[in-house]
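Residue numbering begins at 1 within each chain, and the chains themselves are lettered A, B, C, D, E and F in the order written.
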């Protein structure tokens, strides 16, 4: 677990630099680290060797050197065999986050499941390459994550323009708008997302979770709130499910801007629980794998890193 | 588009006078006016000749002269062949808004679809005729909108008293309580609302959208929040649908009181998107009409003003 | 109706001491006390002899003498034949609330239906017996409410640990986690809860309603918010239903901490409506009973106190 | 003591309608009413027969009928021999407040000492006579309080325009701008104000205290904050001094708008203490008078109402 | 430095339990610990061996066991030859804070300089001995700090009642009301306070600093704000001066309740700076002492603990 | 008048990007632009040809291209013979602001009077040249404003470190700490500042006004609040005085971060009034100049640009 107190890629309301601290502190439970998941009994911070490596020393106000540092730290974590979970920070950081992971697992080998109100696929932001509106574009262009390995869930609103949507289709990104989720329900959409992510050989997945995929009523503390999102009670079990069903090799949870979350502090609390659901799902996956191993079905080991072969 | 910074009809928490400014500013997108609707690709502020005519110069603290001014401005817009969309302001303004539209399209010719937690059909407010609890009564009494042309959606709570509910039934208003929506779902209710609005010849519709129809969790910035409302993700596509399926000749979006929306600013954002969904739906309607026209079925042109005949 | 301005049992964010005042004041309707329920026409504060007995004079900062006072006041109300509805205050007070009621109706005779994000069944809090994490344990241990008469709805999150969950199962408490509600829906769960509550002869029920069962987006003003809860629009009709279908002989609505609810004031408003839904349901029940009586089926009078026999 | 929950005369940020409630509740001391003034030992609410007569039933959204009611209530109190202290509400109410008092004591007989950032002497507000920018003009025009009996303290900012300032000088109003207070200090200015108020025979005084005379840093909860005001620690002893040195026959404390005072609630607390300082000063005056009486100097009794002769 | 996250002695607005965390975090400077005082050049956290020992594990909701723990921890620190600086927490903790220090330095040997709006000398709080209104009484009664060794600065408002003020005089406490500070200025009052503290042989001093001595405009984040206090710019240099001129052997800074300080966070920032001013003053004192020592005047070493002889 | 919505030079709490909008909107007076200064009668926005040129199109998240744009715009305004007043934005912008002005008036010819809690003379910020902690250093290094032409007023707190203070002295900057202001009063300090600014031939002055020079109680809406500042009532007349006594050829008012100013909005209001006081002072200066001219003393015309000769 790493914090990325970076928000100078934010186009509108800043403050996500305080996200990492807010997410860590937004918990009424004792500081003993015990967080037993109620319905599974799993205590993820004990059952997984979760380590909080503190905040990456980003360079205030300077995007590019900060992104380099983030990529380097994330890669170091991944290369050590650990799963980096980055607490943002604005969404710009997914470019270095997923790149750092892909450098270890192989460019093109990692799928990216992206929950967000926004596609984040703009060609540029105020004429510059990096910002919280462009990371997915950069990842596709660099080849770190090819377009056909992208699944986007929860998009809505009035951005980006049709030419960008057309580009996204050209890249064979799979996008699920809220309109589709409203009609079909979230679970069938996620079924399809899982299928898509696993298509064509990618066994590893990066989860990029923008808290603004949740409706602003339940996640007000964010920079660019877009009304009409999913509910917290849909998001939490979905994150756990994905961590259970897929080989998650990296993740970020971004765009928590705590100043817009006061005095309630419910957005940081939600992000805190997103991390716990994800790690609980990882334990569930490990247990399932162990059970399968015990049945001698080792060659479909879902926890094996994609680049291990 | 007109602002009506009027809130001296509010019985409880004031501040809707700052609604028009808040709704206009509550947008993280660039000030270039491009607002392409993600799932349809429609850019409503470009495809429709939307004009923001600024705020109506209402008379602070004086209800009656303010209502006269609002009616006059709205009528002027309607008479010019445009569709007035009034940003409130408290709900008192629906009396002059819908009257101004009805003066152009003919008293009795326009149906009114009213989303709200409250019926707003009180006989008086503190002994006076005008206030945010009475506009629907006044419209029925004046004949601008007859009772049987009213559809109300989302009502709940502990007001008005049974004698007023009985009066509403006598007027043949069609009301959908949240209890019914909870049981049947919103879509079937809206199907019925559309049918009702079109019954008996009214081809034109005024949409009066009180933001408090949405649950206070998702629309806290309002004067008289009533828990238990619909979700933002239900409201937005419903507004678009109505603008697509019906000949909307006027609308207002009211009761955004930004002081109760801080620091999140999510209620004004929701109202901003309501306007965009509505205008997007209008473009969809126009396109459908043009397609129908191209098929030479012009005599059922749904965009034709009702009084054009 | 009694206020219990007590929050020194809160383990995290305090402030529920201001809950009773906030709940009473959170209403935009006139102070005439008329609160006609819209879809039933019932005006509960007029049709029931509802009396607000003010606040219990709890002892600031001292848990045990405060709990004794609360139990004594609640018992006095119950013994007078009235139904105590206690406005909290933190959840510690359910121990004296339900004990005071059980003293009148007989230890073991009253079922307890408990809506909450948390089980509140810890063996102790910081080494002490009383606190908002322990009341249900204390009630079971004292025999006031046996474990098999408990139904808990809405639990979620990362607490309590498995050994406590195991103890709860040993006590034959019936618990419905949010995971189950997400899969099955709330109504079927409540059907089962009603069945469970009535099993084995308990005709009387105490409702303990922790506002944090509702998602923090819709009930932010609380001490220990846990994301992923039910919606306000589910909670309100459910409370009414329970009061209609069951013989409610006491209730509390707890954990409204108004400081986290500003400036929106929507949590206190929700709690206010919870009280009105409950009392409306009680009137519905009385009417049904009277109808049944009129049909000469008096010996199944559901409103009869359980200890009246 | 009377509340006037009236704010439809406010030209900018509304909410002073909640001022009376906020001022009454803004006190951390026990509800036993004991408020012993620390440095004098006087317990004003016990030593004076202070009665809280509740709120005047003003007519929401309607200025003129509300002002009539306020004047009538205030006059009734004054005519009963009591000293009306009106908790506002916006400053419009000083017109009926001071008129009601002057009707009892004689038009022209009562001086008015007015603490405020604003002169409130506009000829009209949006073309209408009544509003929070005009009450002092109306009082002068009606003759209730002649211009030469006015003292204004604390004025600053960019309003009203020079033609109004010229009119004020013509009326022989005595105004002390903040510039003068900054140079000379508040105490010498108040000395002069006292002299002016007593000039020419007026033995009775009405104190009109706009909380915005205090700097917005210490009184943020107000509608039209003007930076650069006096300090709370200057205002409180000055109010007490005036009540001790002058025969105060009526007062109002206005423009507390609690929504802008959250979560601190310090403006309402300040207004609460203003009332206590004033009543403490009245007790001091009575004691001084009694001492003087004991010395048989009764014919300079400063507490004698002006119209008693 | 110790945190005491204790607020169950608060009679009104709770939340000071979050004071220690807020005070530590309320700083925009880098986490390197360098805090060079601008006008003296002293970097107190480097020049003194300041250690943050974390928070005392107080017992939530239980006053007496918490006070025992606090006293024990403070005494341990003092006995180790260090100067305990306790970050509160509500003012109840001054009883164990000063007792813990006095146990080391000798009961009766330590003077207490107390900045506060309130005397905190009540005989009891709701019938119980401990609470934030009683610590000074308890210290005098136990003999830890005799009444004649008390200096209180900044008292104001309407509490405590005259019989308590009379008791305070009997104990020969020296109290400076705001009225006196307003007339004479703060510096002469502090001169006298220093003299008084040193009278009769007490060479050591405990500073008890209630943030509410500062005006609520500049310190809104507190539980019982009393308008009319001193300015931050007076308080900060005064604290430094006292630490320079007196042998401070312990201190606490209390009643920072961060929830009332949002979003500004200026009260916690002020308390943070109070600690820095105090430690800067201690360095100034040490330097002066060393200079004096260098001049061979060692036997008036002002830094020598009083019980060292 | 120009807005610079730039805050990516802020080291701590961001949000000053919304400063320009907040300052423009923070006014309760009518939008007619009339702002007659109460004690002088001057209506500065009418008497001076004040033009609001809107916001400079800074590049979000990119410091250097933004600074280039700002310098270019400011220089353009100055070169046109106008006086640029830049609404920040964080303090980084003073580097381009003063440079743009100096490019027109001649490097080294313009003095800079700097009100601030912070010296802003760091050699770098996180290893980079530009940020809100470095602008004064950059100006001195480039020669735009030599050190001996700097006057700094209001500095306090715990930054920068002594080596930077030493560098400042080497540059012959004149700095007035709050300690000195507390002792001497602000007026004598400003007398000396005026003398210093005029020393050695600089007839023109740039005023750089950081709102955090004012105490956080009166200016909470800022990024790096430092307790213990001057009062609003001192700041406003001082700004007017400087504009009257000196030939101000450019100014900026920076570090208004409106998110920390809610709901009070008093910091933006203060900044708004700072602009009005400054322009009022400029009119006063022009009038004095004209009077002097009328007396035929034209060759000491203080309004003549320094580079005009």
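Just so we're on the same page, a residue touches a chain if its C-beta (ideal position, glycine included) is under 8 Å from a C-beta of that chain, and two chains touch if they have at least 3 such contacts.
Given the structure is predicted, the values throughout are model-derived calculations rather than measurements.
Enquirer: Could you work out which chain's C-alpha centre is the most distant one from the centre of subunit C?
Expert: Max centre-to-centre separation from subunit C belongs to F.
Enquirer: Look at both sides of the subunit A and subunit B contact and report whether the same residue positions are involved, with over half shared, or different ones.
Expert: Counting which numbers both chains contribute, under half are shared, so the two copies meet through different residues.
Enquirer: So using the touch definition from the top, which pair is joined by more C-beta contacts, B-D or D-F?
Expert: D-F
Enquirer: Most remote chain relative to subunit A, going by C-alpha centroids?
Expert: It is D whose centre lies farthest from that of subunit A.
Enquirer: How many angstrom lie between the CA centroids of subunit B and subunit E, rounded to a whole number?
Expert: That pair's centroid distance is 59 Å.
Enquirer: What whole-number Å value describes the gap between the mean CA coordinates of subunit A and subunit F?
Expert: Each chain's C-alpha centroid was found; their separation is 43 Å.
Enquirer: Averaged over CA atoms, how far is the centre of subunit A from the centre of subunit C? Could you give it in whole Å?
Expert: 38
Enquirer: Can you check how far apart subunit C and subunit D are, centre to centre, with Cα atoms defining each centre and the answer in Å?
Expert: Centre-to-centre distance between subunit C and subunit D: 47 Å.
Enquirer: Check each residue of subunit C and list the ones that touch at least two other chains.
Expert: As it turns out, subunit C has residues touching two or more other chains at 11, 13, 215, 217-218, 220, 231, 259-260, 262-263.
Enquirer: Determine which chains touch and list them pairwise.
Expert: Going through each pair of chains, those in contact are A-B, A-C, A-E, A-F, B-C, B-D, B-F, C-D, C-E, D-E, D-F, E-F.
Enquirer: Per the contact definition, I'd like the list of subunit E residues that touch subunit A in the complex.
Expert: Per the stated touch rule, the residues are 259, 262-263.
Enquirer: Which residues of subunit E touch subunit D in their complex?
Expert: 11-13, 155-162, 165, 177-179, 182, 215-218, 220-221, 223-231, 259-262
Enquirer: Show which residues of subunit E lie in contact with subunit F when the two form their complex.
Expert: Residues in contact with subunit F: 28-29, 34-39, 41, 43, 215, 217-220, 231-237, 263-266, 269-270, 273, 276.
Enquirer: Within their complex, state which residues of subunit C touch subunit E.
Expert: 7-11, 13-15, 17, 59-63, 125-128, 130-131, 259-260
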